[in-house]
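Naming follows writing order (A, B, C and D), and every chain is counted from residue 1.
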């Protein structure tokens, strides 16, 4: 099966997820001064972080499928599984923003991020198995150090959240920074001269 | 007429349906303990089941159209008819979730599932007629035993709901499990060596 | 300029419009009997009609662009103009449904339908001018009798609404029936043997 | 990397942005006279202006990428950055409309427009660097006079808003008129005979 519709469907879902979060931005009630926007700042900060996270996933999805040509039924479901966890990001984002980074919402934000990382790992593993261990993708991904470090930081952030949820939020920002640069491993492998 | 835009439009609508349901996930009011999430569990369960159902329809739609190249006006409308019933899934999902699987919402959930199954059957029938009885698609679909069994289970679930709506919900889960594995009949027929 | 992105963008917007209307379907408050759904029937009826109307526009858009290969800046704006009026359909639909087909909502529904018909006419005219009077499209469209009859019926429905808005609603259903069958003029012209 | 998915994803996000604004259109409470629509007029006016703005960005995006064939990681992020600011347009639109063009909402509308213009400038700059200074795109864009004039007018509008926000709104309309005609520079360069 050709990868075309899987890409188109994923693009559609991720586009909706990234814009759905805008709907969570509530219009301030007043209009007399800039101060009306101040209580909304935690919402804006969590929105911006989640925008970057969803952007990272879209970028990596895009890079990964550059090295893929056909898919099978298992990959379709692994992709849907990833989209399921991605689609929960707006939910935990607004919960976290509205509660000003209180303990539990921050913990659930971390859990959703971990589940996303695992779902992405499963998708990659199925793609590598489908393409063969000698494929461009398999070589480009390698041991996936970055993915494992991220899960480690998320887990740390969840434990830290029981004591100080702002530090956890900082750790989520750190992971976003690690991934901000798209995965050059695939770009390098695909280009004619490394 | 080429099938390209029908696929793109269906992908768009199904992507929206599957992510609209996220909007139904209401953010818990409190934030002091995990217990705030407990009353929302029925909503989450019904959301997860509907996500799987919409995913199944997208997967089968994807598989079916692998074996299709051109479409006609009737197929466009049959496809829109299917999308109409699919688009009612978020509505019955949130009604069922908010009422904690009470009788009537569970019955209507079943009716919408039956209508989806019938709409999908009509689409397949038109596609087979358009492609000819000797086409890959016609041979791959065969007598559509799985589709008929599903409608039978849905009907049973609707009747059972008058006595015990949780059993009905269980039956919906059973059908989802039957369909979880994408329709390999088409994959097999399309591959060079069966 | 190639038509590809215009089609993709239009598919996206129309897919969102057709599914946005689902969000207008409010979940009934109660759950004790089917009677809870009764006050929502006008909403459902207006939703179904609007679904058919948006479906008709998508179908005709699809058929028309089968006979088009390149576009220009003017066509992009004519298409956006059409999408603007299409995107107002969910708004007037829910206004009409919630007010149980009261006079003014029914009139505005008619105005939006007229504006859609005019916007579609402008788009077609620009496409014919871009393709030339001898093009397949120009010959297939001809004098656009169906389009003019529709505008006439809409105008009648708006006047009738001042006296009896249910008759107007009936007239909207009549136009939908006229257009339900996709525009075979183009299909016929494009096929090798007429 | 091919530009295909970047275009498809951008089309998806822009399609959602342009239709999300419809959701901001609240259905009037009454239905007895046309007068019920009067208090909603500022919302409609700001919706129409934002629709034109988003349409302009889509048109220019479309024109620009006609002259582009491949993209890199930096361009993906510059594009996401533009989509981020575009996705804030519905938010400031409804804030401005609901507050009847009061000072602060009008100022924030201007700030979002400036950020959009800057984000678009960054995207263009990265595309030109990626394609080379001798590319069709670089020659077509030239010194980007129109972009700089727009930013100047936006800045003026923001300052003016402290004294008379209606004049600012007029200035936003002026910029929309300047850009209404799609960027013919690229169309001209791409056509075989200039």
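The rule is short, and it goes like this: a contact is a pair of C-beta atoms (placed from the backbone, for glycine too) under 8 Å apart; a residue touches a chain by one contact, two chains touch by 3 or more.
The structure displayed is predicted, hence computed values, not measured ones.
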item	value
Same or different contact residues where subunit D meets its copy subunit C, judged by the half mark	different
Angle of rotation relating subunit B to subunit C [CA atoms, steps of 5 degrees]	90
Subunit A and subunit B: spacing of chain centres that average the CA atoms, whole Å	26
Geometric centre distance via CA averages, subunit C-subunit A, whole Å	37
Where subunit C touches two or more other chains at once, by residue number	8, 12, 15-16, 23
In the complex, subunit B residues that touch subunit C	1-2, 5-6, 8-9, 12-13, 15-17, 20, 23, 72-73, 76-77, 80, 83-84, 87-88, 90-91, 94-95, 98-99, 102-105
Contacting residues of subunit B [partner subunit A, same complex]	7-8, 11-12, 14-16, 18-19, 22-23, 25, 27-28, 31-34, 36, 48, 51, 55, 58-59, 62-63, 65-66, 180-182, 184, 187
